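Two complexes are shown next, each including chain A; its partner changes from chain B in the first to chain C in the second.
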Partner chain A sequence: MGHDEFQKHEARIFTPSFLVLLVLTLIGFGLVALRFVKGIGAVSNMSDGYPWGIWITYDVATGTAIACGGYAMAILVYIRNRMHYHPMIRSAILTSMFGYGLAGFSVMVDVGRPWNAYNFFLPSKWQANSAMFEVALCVMAYTTVLALEFLPAILTTLEKTEWRTLQMLLDKLHARTGITRPERLDERLESVKELAAWLKPRLDKVLIFIIVLGITLPTMHQSSLGSLLLIASTKLHPLWHTGFLPLLFLINCMFIGYSIAILESVISCYAFKRPFETRELAGMARIIPWLTVIWLLVVIGDLAWRGQLAAALSLDFYSRFFLLEFCLVAGGSLLMFSGKKRESIRWLFVSAALIVLGGALYRFNVYLIGFNPGKGWHYFPALAELMITVGIVAFEILGYQVLVKILPVLPKLHTRQQHDQAHGVAEKA
Partner chain B sequence: MAKDGLFPDINRRDFMKTCVTVSAMLGLPFGMVSKVAASARASDSRPAVIWLHFQECTGCSESLLRSTHPTLSNLILDMISLDYHETLMAGSGHQAEQALHDSMLANKGKYILVVEGAIPTKDNGIYCKVSGKTAMDSLQKAAEGALAIIAMGTCASYGGIQSVGPNPTGAVGVRDLVKDKPIINIPGCPPNPYNFLSTVLYFVTFKKLPELDQLGRPKFAYGRKIHEHCERRAHFDAGRFAKAYGDEGHSQGYCLYKLGCKGPATYANCSVVRFNDANVWPVSVGHPCIGCTEPELLFKTAIADKVQIHEPTPFDSYAPVDLKDKGKGPDPLTTGVIGLAAGAAVGAGVMMARKLPDGPEKGADHDKTE
Partner chain C sequence: MTKPSRRDFLKIMGASGAALLAGRPAAASQGHQVSNETLGMLYDATKCVGCKACMSACKRVNGDYGSLAYEKAKFDSDGLWDAPQDLSGSTRTLIKLFKESDRSWSYFKYSCMHCQKPSCVSVCPVSAMTRDEVTGIVDYNKNACIGCRYCQVACAFNIPKFQWDKAIPQIVKCDLCKSTNLRQKGVTACAEVCPTGAIMFGRRKDLLAEANQRLQQNPGNYLNHIYGEKEVGGTNHLYLSAMQFNKLGLPLLKNEAPAEFSEKIQHTIYKGFIAPVALYSTLCYVAVKNKKKGEEAPGHGADDGKAGEGDHGA
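Moving on to the complex of A and B:
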């Protein structure tokens, strides 16, 4: 493995989808600005009964699970030692970085008194027994870890850069303004390159510890995301309120993580017109159904133990959402159990999409749909509230789209094949 | 306290008990007990007290006689130097007048003057005379050398029953005549003796007046309405009232408001400190409060009159069980947008899935884009 198994995707940055996403992002962030000027009530339908709306439910609880691609890939590559998946890890980490960073950002949008947020950085103000504190700490730490994990991609680029775009821009700028270019600029740019070259091997040496952290932190806080709802025993519907919430959230984030890694790969290969990574994806898809089977067994066993099976099948409002979530996950897993379907990109895409939808619906059920704070309370996201979430998601996709075109993120095509062959030989030997 | 000490008759245990009681009464922290004790023990700070009686029934003194911690004897012999008190003093006639004169002279500017009873002012105050002097003259003379004046009881504080119309003697309270001395009113008919005692010891301990309300009453004793700490309050809140003396509700101990209880308008600590060391007070034995600490209530409203409750601090109705809708539900625009977006996403997903190759992908075309 090494940093040369990745490559830039050579394509235009300013595409039609770029513009659409940019517009959505600008609308979303404009509304965020409105929220900070006029207050939360101006943009959202959250209330005393529903203090957690779509931002926490999607951006934080579901978004971080969808951002668990990096976590799932890191487990696969580094814990299960499947190094031939390594070329896929950088794009997974990039999406995770966006997912987690923006989850943290969403929390800042969501908290009622953001001006108190600095207290989070004062250890004297910590409440170390709080599950919410753990989530906050882990999300922040994991975002940093992901950034460090991603740093080699930037350093490699910096190391080899000719500053062509920058030089071009500077030339234009100076030509237009008539200011002479500072003499030492080239020298300084050169020193940046030298710094990158100096830092990269040193970072490589400690990267494995950062990766270990990157595997530990999600394990901790994904279960804590489930623990957050343990306290709401009278508010969360018994179909979902169980002592197994932390375990269910942990397994849930793993199978969502692998499924989203598959989806990402399929969609980006489709969109960027690259060949599909069928073999890697099929290998990964073999893991998912086992995780979902464990998860479904825990869910059913727990329901049976708590005597809620009848409620699950009663076909009322809650039961329907439960059954939908259950069928999506179970249906996707059934497809993935078939070796033949795993070899087909189409079925991989369908089954992974079903599992991601089901897994995400589970988190929606726990955080919002199955949550009833008391008689009379209603919640449905306001349009502005929704557009903030859409803007954040658009920004994620936009960032991914742009970064894969300026940094070596996607797997290098020919080396990967060579690597696979070499790996195959080694296994036989 | 040693047997040969200043007060050989009081043992240390009783003395400290008294100081603790008084400190608690004053709402002082426990650590202040020693300070109170030190003040009470120091011989030079044993304050001289001159107690004058005017138009009154001696009920206030009777009330004081029934205090047990400290007992009256401890109080007047050990804690204060009660130099003149017409009911309690052994001497009489010229001897008594001499004692009053001597004390006023010896403690000029240092003694505490306690006044019990209203002062008649009509016809030059001839309606109340002691040893040939009118109450007005006696008060004026005694007030001149006093450090502070304590008006004991409602009569001394505001004029009391004597001052009720037509007020044939023109009776007034101390505050209507003396303007240049600090006056503490301890109203009540009679007042709780511990309110008096605590005020005296506060003064002795801190050398200043306790915080007073706008009627000159110490706030530690008269800061809250009786109603706020009444043991029958729960019945008031629940709407259970005695409607006649001896009726079902009265025998059940229900709230006495409808019998004319003035508790909701009367500032006093009767419901907390109570009387006679037997934890009783009028309301506890079934009689409504008559508002004896309030100049506008006592003898000016009939016992059966109900006071207007301006601030019904308890909720007069329960929160509705069937709550109204709160929070905002879905609106057509948002649901429409979500529906369109979800439909588009599912559609795009399906279209994409149809375009994706079905079947194993060979690695052969990997180099295509290179």
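Moving on to the complex of A and C:
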């Protein structure tokens, strides 16, 4: 599997959507600054009853599941040995990297005393009983692994670059301000290129072990994200509080991972005016319903075993959210069972979106909606709190948009015809 | 006499298998040991007159050390009274009045229960919450705390409080005056100043004996229940009352500590770190084998038929 399966997306970076996303990002980061000056209470509606709000529920618990595209694709390609999906893996890993990196960033915004985070690395402070300890270490490790997995894309670019943008900027700078180019600049740039060329084959050799680590770590921390709520036996509604939380979270992140890989491919092909990868997506869509069926069976079996089926169907507040989550996942899976619907981009998109929504709602149910600390406590996110999350998501999309245009990330278009077609569409737009 | 059924046989095999795997007698891993030598308090709601001397003593003694502050009421712009509405980032202990009718009412005191098997200690990722084995005091160390608030999620009594309005916040909860009054005078500040003896400080066994004695001497005066004796595996802070405890804001809880349940599952998955290592090695084996296969026959993985007619050469 060479690196020539991937290509840069040739297009302008500064588009209108770039501007919109940039503004949202700046608003979000401004509010983050406010939070660090005036305290968490100044921007959020969290309280001592609801100590975890939208930041943990969406950015961390749900965001990392949505960032499981890289994990799901890695299982498919390297473990189930479907090498023809390999061209799709780099963009999946890029989105995973953003998802996890920003989840980590959100945690740093959310925790009250982030300067003490070094305690995670002091063995005297380790606390193996805590699911949070496991999640924190695993997520930090996985973010590093994702960066390493993505490194080949950067190295390939460095190796071949002629530093045109840099040269142009320097020339401009010189013309405007009269600052001369640093001496021996070309020499230094050359040595960076050489280093990249030296590193790449060596990284390639050990990459498979890093990739497998990138499969093991999410298996661990995605299940632990479920374990986090095991302790809240008196607060989490019995519809969701079960010893199977770790298993349910693990399967949940897998089917979300495959579904989000489909959505990402459809959306980026649509946005970047590239031909759809229908055949690959249809193949991937065959796996999803099996995962969701296992998940749904565990959910039902567990409810029956704990005698909660009646509560699930009682149509009260909790039951409605449970049924909604259940029907979204089940509905999406039913659509995907049909071979014909899998061949249609529209239906693929709809069914994958239903499953992602249902799977994400499950995580919201566990972390927020089904969580009741007792009488008198209420939570709905504040506007500023929401805008921080929006800013982080905007930054995620922004980064993806920019990086696919400067690094070889998207699958290479294969035939001349495909290429011309894409070009034609792009020019028309 | 009935023959053992197949199911019984499987049960026995399963249980002994599990015991073998655990590598030690099954009894050892069952439940934690309740220690009655630990320090605690007994609050008798029937003796409390609601003077709040305990609240004011707590803030006087622990104010600086525990980052406590006075809380103004809305009507009180001059800040003459300390008027917390609930436990908070400024208040470790609080007296409330619960009034059902003119004849049926009760004062009630809130503070950390100092559980025998505390959830907050079990979940804290950086050991900022600790339980002293000898004294049983559940203490908080702000120099380790990262402020993740998992302790708040975990605590069934909603005791740990966070300072939401501070740029440098911390968790606030009772530590039995460990570094202040207890060290200097050998008693908690609230118990020291209580004028009616509603708060009694001592060892858990003495407190339990006292509580049982009060229940026996005055059965009509009390609900026949010592709250905290059994709840969530036992707490060092015990309660007597004439009114139902759930009406007074203490939740109805099982005798099993929630931390027992979550730790059992977490330990099953991560015992000796065997499962993750096994998973990693198995996956490595598969992935390396796949890679070799791929190199031998470039462009052809083990394709799944229809979707697999890949034209993506290596």
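The rule is simple: the second predicted complex is superposed on the first by the 414 of 429 C-alpha atoms of A that agree within 3 Å, B and C clash if a C-alpha of one lies under 4 Å from a C-alpha of the other, contacts with A are read in each partner's own complex, and residues count from 1 in each chain.
Keep this in mind: contacts are C-beta pairs under 8 Å (C-beta built on N, C-alpha and C of every residue); 3 or more make two chains touch, one makes a residue touch a chain.
Please read these numbers as outputs of a predicted model, since none were measured by experiment.
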item: Touched partner set for A:Met83, first chain B, second chain C, both or neither; value: second
item: Touched partner set for A:Arg12, first chain B, second chain C, both or neither; value: neither
item: Greater residue coverage of chain A in the superposed arrangement, chain B or chain C; value: C
item: Touching partner for A:Arg279 - first (chain B), second (chain C), both, neither; value: both
item: Which of chain B and chain C A:Lys205 touches, first, second, both or neither; value: neither
item: Which superposed partner A:Leu383 touches (first chain B, second chain C, both, neither); value: first
item: Which of chain B and chain C A:Tyr270 touches, first, second, both or neither; value: first
item: Partner chain in contact with A:Ser47 - chain B first, chain C second, else both or neither; value: both
item: First, second, both or neither for A:Met132, with chain B first and chain C second; value: second
item: Those residues of chain A which chain B touches in one complex and chain C touches in the other; value: 47-49, 279, 374, 414
item: Interfacial residue positions of chain A with respect to chain C in the complex; value: 1-2, 5, 36-42, 46-49, 51-52, 78-84, 86-87, 107, 110-114, 116-117, 119-120, 124-134, 136, 208-209, 211-213, 215-216, 219-220, 223-224, 227-235, 243, 246, 279-280, 282-283, 286, 373-374, 414
item: Complex interface listing, chain C residues touching chain A; value: 86-88, 119, 122-128, 142-150, 152-154, 156, 158, 160-170, 251, 253, 258-259, 261-263, 265-267, 269-270, 276, 279-280, 283-284, 286-288, 290-291, 293-294, 299-304, 306-308, 310-312, 314
item: Partner chain A, residues of chain B touching it in the complex; value: 322-331, 333-335, 337-338, 341, 349, 352-361, 363, 365-370
item: Residues of chain A touching chain B in the complex; value: 45, 47-50, 266-267, 270, 273-276, 278-279, 343-347, 349-350, 353, 374-383, 386, 390, 413-414, 416-417, 420
